[in-house]
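Sharing a structure below in structure tokens format, with a few things to ask.
Chain IDs A, B and C follow the sequence of writing; residue 1 opens each chain.
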Amino acid sequence: MDKKLGIIATKGTLDWAYPPFILASTAAALGYEVRMFCTFYGLELLKKKLDLKVTSVGNPGMPMPMPMPVMLQALPGMQGMMTVMMKKRMKGKGVASIEELRSLCIEADVKLLACQMTVDLFDMPREAFIDGLDYVGAASFLEFAGESDVCLFI
Amino acid sequence: MDKKLGIIATKGTLDWAYPPFILASTAAALGYEVRMFCTFYGLELLKKKLDLKVTSVGNPGMPMPMPMPVMLQALPGMQGMMTVMMKKRMKGKGVASIEELRSLCIEADVKLLACQMTVDLFDMPREAFIDGLDYVGAASFLEFAGESDVCLFI
Amino acid sequence: MDKKLGIIATKGTLDWAYPPFILASTAAALGYEVRMFCTFYGLELLKKKLDLKVTSVGNPGMPMPMPMPVMLQALPGMQGMMTVMMKKRMKGKGVASIEELRSLCIEADVKLLACQMTVDLFDMPREAFIDGLDYVGAASFLEFAGESDVCLFI
């Protein structure tokens, strides 16, 4: 029987968008049945128009093109600049964009789930999200998680 | 046999307090045996007097009532203001407070565990914590985790 | 048969370096086979010369010797000062340093894995890392994870 991977994706930044999509697409390629439950800030990953930013503040472990003191990182515009630099580096290295990885996941039958409670909490209109999502609750996802071989909270 | 959910709760902010308590209470309602090991900053979740704050700095994925540049978010008082706004929104939407979710977990027999090593490290007095906790180490929790169906590091 | 623990270590700060190494060494002591896949910022944990810092910005749950407003925490030098204070406290309490915990893990046969994709992405020279690492991809780690009893994303 196929192995199962459950992912609870809770972060909405550019850097933390990579782990869930890379793990999901890799597992799907290996024949896993994959379900990704996007909740809290992770709902950003399901938006039609992705607007994800790198966050460096509070993230001293981030290898950056040049080191910057925390104070500077909080300057207006710095976050946008770092996001641009990160995207450039990704592209230069042939790493797929989040949009591309997400499409790859969908093509590979990764099931993308949106947390209904969070959607309600922040009054997010369904039109903001990509089509084909299932809107479910934690209980519904736990049913799958309980049967999964690997379940990760990201 | 009942399914088992292990949670390692390591964050002590208002926003990150929700996932462990929501998952724990939902799983318990589904008949899971649940143990939640609170360690590092996660020990804040077990304090008698909860004083959890939302953190927006370094958290660009957070959907906020109004967008704010990183610099502004670091201003004194801003964190408190965002915490108040978040709590209001939660309440207005009928989402339970962390105190309520925690009580729900205890009533549903979720076992709350405090990490003894962290308690010692920060000289936290036991009187600061709610009653009925077990104070254990990582080895003790791993025994349960090894038998669990789902184990999440939050 | 021995139990298996898989860890995906993705954070590169002093505080978040503790959970993976403590869990890995504890599990190894209990007879677990442990593999730790270091990816993204988690690669910092495999550097020969560790230079990990505490991050307080965006981390209101952190119990600090004295409370500080967010603004102050962003001041130049403050991060370094907090790192020094944290290290002193750890040492005074007899908590092993990350270097010591890492050595302990290696002696206990914890398999440390470096994410080849991240190494390539940031042009990290192999000489910067400790010897004896395996450089692998997510697919390779997932094979182990699929057989593991516990798998954590940290």
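To be clear about the criterion, a contact is a pair of C-beta atoms (placed from the backbone, for glycine too) under 8 Å apart; a residue touches a chain by one contact, two chains touch by 3 or more.
Please read these numbers as outputs of a predicted model, since none were measured by experiment.
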Chain contact topology (line, ring, star, complete or other): complete
Relative orientation of copies chain B and chain C, as a Cα rotation angle in degrees, nearest 5: 120
Interface sides of chain A and chain B: same vs different residues, half threshold: different
Distance from chain B to chain A - Cα centre to Cα centre, in angstrom: 22
Residue numbers of chain A (touch at least two other chains): 55, 57-59, 74, 151-153
Contact footprint of chain B on chain A as seen in their complex: 6, 8, 10-13, 16, 39-44, 52-53, 55-59, 73-76, 78-79, 117, 120-122, 124, 137-139, 142-143, 145-146, 148, 151-153
Complex contacts: residues of chain B adjacent to chain A: 3, 5, 15, 18-19, 22-23, 26-27, 29-30, 32, 55, 57-63, 69-71, 74, 89-90, 93, 95, 149-154
